[in-house]
Amino acid sequence: MAKKPRAAGKLPNDDIGQATRLALYRSQQVLRVAEQRAFDLFLQNLVKGTSHLSLGQEAIAAGFALAMQPGDLSFCTYRGHAHTLARGVPVEKVLGELMQRDNGLMRGKGGSMHLTSAEHGVMGSYAIIGAHLPIACGAAWRAQYRGDKDVSVCFFGDGTTNIGAFHEALNFAAIWKLPVVFVCENNLYMEYTPIGDVTAVEHPAADRASAYGLPRIIIDGNDADAVFRTAGAAFARARAGEGPSLIECMTYRHSGHSRADPAKYRPEGELERWKERDPIKIYRERLTQFGIADATIARIDAEVLAEVDAATEACKAAPMPTEEILFTDVYADGGWAWRN
Amino acid sequence: MAELTYRDAVARGIAQEMARDPDVVFLGEDIGKPGGVFKATVGLYEQFGPLRVRDTPISEQAILGAAMGAAMTGLKPIAEIMFSDFLAVCFDYIANEIPKTRYMSNGQLKCPLVVRTANGAGSRFGAQHSQSVENWAMMIPGLKVVAPSTPRDVIGLLAAAVRDPDPVIFFEHKSLYATKGEVEDGEIVDTLGTAKILRPGAHATILALALMVPRALAAAERLSAEFGIEAEVIDLRSLVPLDTRTILGSVSRTHRLFTVEENPRLCGWGAEIVSIVADEGFYDLDGPPVRITTPHIPLPAADVLEDMVLPTVERIVDRVRKSLEA
Amino acid sequence: MAELTYRDAVARGIAQEMARDPDVVFLGEDIGKPGGVFKATVGLYEQFGPLRVRDTPISEQAILGAAMGAAMTGLKPIAEIMFSDFLAVCFDYIANEIPKTRYMSNGQLKCPLVVRTANGAGSRFGAQHSQSVENWAMMIPGLKVVAPSTPRDVIGLLAAAVRDPDPVIFFEHKSLYATKGEVEDGEIVDTLGTAKILRPGAHATILALALMVPRALAAAERLSAEFGIEAEVIDLRSLVPLDTRTILGSVSRTHRLFTVEENPRLCGWGAEIVSIVADEGFYDLDGPPVRITTPHIPLPAADVLEDMVLPTVERIVDRVRKSLEA
Amino acid sequence: MAKKPRAAGKLPNDDIGQATRLALYRSQQVLRVAEQRAFDLFLQNLVKGTSHLSLGQEAIAAGFALAMQPGDLSFCTYRGHAHTLARGVPVEKVLGELMQRDNGLMRGKGGSMHLTSAEHGVMGSYAIIGAHLPIACGAAWRAQYRGDKDVSVCFFGDGTTNIGAFHEALNFAAIWKLPVVFVCENNLYMEYTPIGDVTAVEHPAADRASAYGLPRIIIDGNDADAVFRTAGAAFARARAGEGPSLIECMTYRHSGHSRADPAKYRPEGELERWKERDPIKIYRERLTQFGIADATIARIDAEVLAEVDAATEACKAAPMPTEEILFTDVYADGGWAWRN
């Protein structure tokens, strides 16, 4: 695991300020509670279509998002609820889209796999494996061309490293020295197949970094501090015009791949072992270690729960999308006419 | 005779062919141990083992390329592309490699393989996981294109596809996986290129495919019961080879043509068929041929929205009735 | 006024737009210093420099993906895909990403970009470098699809495409690159979605695109001179938006429809248009609409063979005459 | 450069037997003379369409082909004349296809970019960059599945290493341990652009081998002995069930990319420097060094020239393909019917 050298005499993680620490905790807690709620709503048949939760992977979304600046751009996958929420998109907007209501981010036109909130820098969630890596390059190219200082951050899974677009994007970003950060969330599985069964190297992203002239970076994706620190370094590199980074974050998803998946393919005890390393559990301990009172934590938890509860009620009360929007925004004139 | 789901028919069809011929191999993502994300291939891994039922990485180009190379050199691969929308990430094999190899080599090379893929809407998956893309295959010379609507046809046409010496793109419909139908015991092998008249009728010909078949049938019932209009419903079953004989024959009796297409309108299979009938059956037609399609838009995710865009029984009834009354 | 080749018109059109708008950037394989493999972009690198005219690796997915990401965030990229056949290796961007983003995001995201590509036969390049694939784009909701037949249209439609807020797939015809035409001085900007009646006529409507336009015109000359048949020839210029008004208007005057398509038959643009006219213009038609297409086969490489498959002036004359005489 | 350890006391290249040495020379000479002839015929307007010559790269084609056994399968690119000829396909068959005559390998239906001779194990030439790498995997999978001992050999250029299919094929071959050998002919250029301008690493193939758990192999592609030796080792590994190899051969093309290309993009002197390392020149010296008489060399040269001359005349006399074959072999029934 690549770690930044620690200043002598300091505690581990002492480089993370207290305000940042509280923000990281709150963010992870929002993701956790909102996604657990999404799962409950699914059981009540109120979340439609498919959905892919990031339970257990919250530290990555929270850590990267908190290290981003407002103009930075996120490119997510179908497993994008967490990354979308972490950029500050209201819970109601996300749950509304999952419930396919008119108050959703895209008013039900996109669905859970395509969460987009341009005003928050969430430039779409992409459901075809690998497609968004080149797209993130393009956004970074624009920043480079214009001299804008924003960074494009592209999240994807371990399984995504075996598709052609991964390779094309990494080479492209490297040769053009684009300000893009590729974040592989290695949760050990594709849908139901272990990544190790179908990949020629142990670390599907990091062990390929050298193929693009990039350093090999593997971090503990369940430690929000480590994520935040690594993100910051990569963003600084990008903004300095030094080019892309490829970061492999080791993590684990607590739930199945999608709502249809009971995840029976996992060896016994694996989930339990990883729950010992639950990012939120780790982070609660970290807060305590840094002297934050239980009452403070409890207050944050209560606030988050209230926010998610309110969002839930708003979504339940929200109307369904109506026929007019079916035919809007196919083309830029607002409509769908392919003929005169 | 047994009642079987369309989903289980896929597994039974593959098993039938793998048991028959050791050259039949099967590859795709999560198809093995997990039994496929649609649970349409459950049990095959256990029955035929990891050498014949192979899980792959997420590498659709490698999947189709490998299937092609294996087919060229003697195997009869069945490759699964999980969602038909993903044919776009391996489209070079669909459009340029697999279908053209025999021709370019002047018959030296062959490509006997089947690409199975889950097609169509109804699962609220949104614009990139719900498309009906039969025309992506139909427009390419050198392919055969099949899309069954019943469990029995799944088995029979899959068997025919596997035994066919040409490459076949086999579209299974996601929204039919859970549907059931009677299937006889024993081996079933059907014939590609044969449409089926599911309901005879004298007033109009309705052509349909896959999920649109039950809707066309239901519409025909209502047209008959409520309006005394007797529509002939034809399940095309395969787009290439195309059973133009059955289509033109039907139109010569009914004098009116309707297509019910799940695809967005432009360049759908219905366009091709209308152009054939308008040319060769022009003088048989008593009125305009009408295409009932999904509008030419990306598919929305929300259930209420998705339900509005696909051709419905109501829309079919309406269009046929208004057109015949005009 | 100057005489210009179709090839040089491409470079002039791009230069016109790049000079106008610093957000217009251009990327592709060998397009920069080398000026493109068809020499259609000579001089741009020198004029606009390496930051705006960028050579890429052989990574078509990265090319289109990067164009898309840049377009989403404020630039107006022009991407070259060297041969249109190669759209198959980056088809996910053509079919699933670029066209659906605006809709899926409910208007939050946009994709104002142009994909230029060399299309069509005539260079004896064989089955993987000669295809006419306008229907690969036409069938996808959310795209616009343009195919000019003259140097002037190249400039005017390319400018319109670059200024259009939607993604445009721009098909240049390889066999037209060397052809010449008169082009006025100064800025030229045309309008997408407008077909052009190149020759009026009362007896038949002939629709054509790109390389088939000069052939349709020559056929019309001969039909007139030798058989007294006056065919109206329409250059469609863009398939999406489709100028159905001009098409239906013409058929309402001539009562007969012919399409001249370079694509292999199944699901070509002609199928779609015939299906529209057969429906909406049914009572205008005095006889069967006829499609004159390349047969539904992969393209052969040999010059003598290639010359046999594309619609020729002779075949057009023949089909129109026989059909009108029937 | 990865070299096999040399047995003590031996001369370099002493491991290559005299018969092999003569065969390697003859093969390279056939490729050279046949392709020069193709170029002459193009100038006479008798070669139609495009064509891509391997002048200067003959050692790779000759070295690999000679190391192959009869059942082994070649997968070539549009730059495939040399590899096709090297497997023993008659010159007339190749020139005939380039001249688009009825006596060509595919009777003019495929053209110069798609040379195929199944009976010689040439399983097609592929004109879309990267497409044949997965296809070669498939043929190798068949061999593995059936227990056949043949190897699939897949040739491609440096530029091909940046397309997605390269990445997918390499990973696929590695995880399934397929008997396939990937041969990158690094001739420094794609069409007109130097590979170094668009690739993140110096050696576009070899520097990525580790991304697939494969060893880094770079050889002198202008030395037929080195090629032959390396090929043999890779084939042995494949036949032993030890999996794929990726071999980067350094070379240079003497002519332009295709017949349309005068290759003006090359820096002054580069071609001349590489001509000093012309594989045929090198190999003539090698023959002399190993005691082969000038007369023997001259005799081979004369025989080759006679063969190419005869083939040329046969092609010039051959008829053009006729209409009947236009509509054959679209489908396996021999015809093209898509309807009844």
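Labels for the chains are A, B, C and D, by order of writing; each one numbers its residues from 1.
Criterion: a contact is a pair of C-beta atoms (placed from the backbone, for glycine too) under 8 Å apart; a residue touches a chain by one contact, two chains touch by 3 or more.
Everything numeric in this text was worked out from a predicted model, so none of it was measured.
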Chain located farthest away, centre of chain A as origin (C-alpha): D
Pair with more cross-chain C-beta pairs in contact, given B-D and A-B: B-D
Computed distance of Cα centres, chain D from chain B, in Å: 41
Centre-of-Cα separation between chain B and chain A, whole angstrom: 36
Chain centre separation in whole Å, for chain C relative to chain B (CA means): 30
Computed distance of Cα centres, chain D from chain A, in Å: 46
Multi-partner residues of chain D (at least 2 other chains): 107, 109-111, 114, 128, 131, 162-165, 168, 171, 175, 197-199, 325, 330, 336, 338
In chain C, residues with contacts to at least two other chains: 56-57, 59, 61, 85-86, 88-89, 92, 96, 103-104, 126-128, 141-142, 240, 266, 296-298, 300-301
Partner chain A, residues of chain B touching it in the complex: 29-30, 32-34, 37, 55-61, 85-86, 88-89, 123-129, 266, 295-298, 300-305, 308-309
Residues of chain D that touch chain C when the two form their complex: 48-50, 100-101, 104, 107-114, 127-131, 159-160, 162-165, 190-193, 197-199, 260, 265, 320-321, 323, 325-327, 330, 336, 338
In the complex with chain D, residue positions of chain A that touch it: 162-168, 170-171, 174-175, 197-201, 207-208, 210-214
Touching residues (chain side chain C, partner chain B) in the complex: 85-86, 88-89, 91-92, 94-96, 99-100, 103-104, 126-128, 135-136, 138-142, 240, 263-272, 274-275, 278-280, 282-283, 285, 287-291, 296-298, 300-301
Chain D - residues contacting chain B, complex: 73, 105-107, 109-111, 114, 116-119, 123-124, 126, 128, 131-143, 145-146, 152, 164-165, 168-169, 171-172, 175-176, 325, 328-334, 336-340
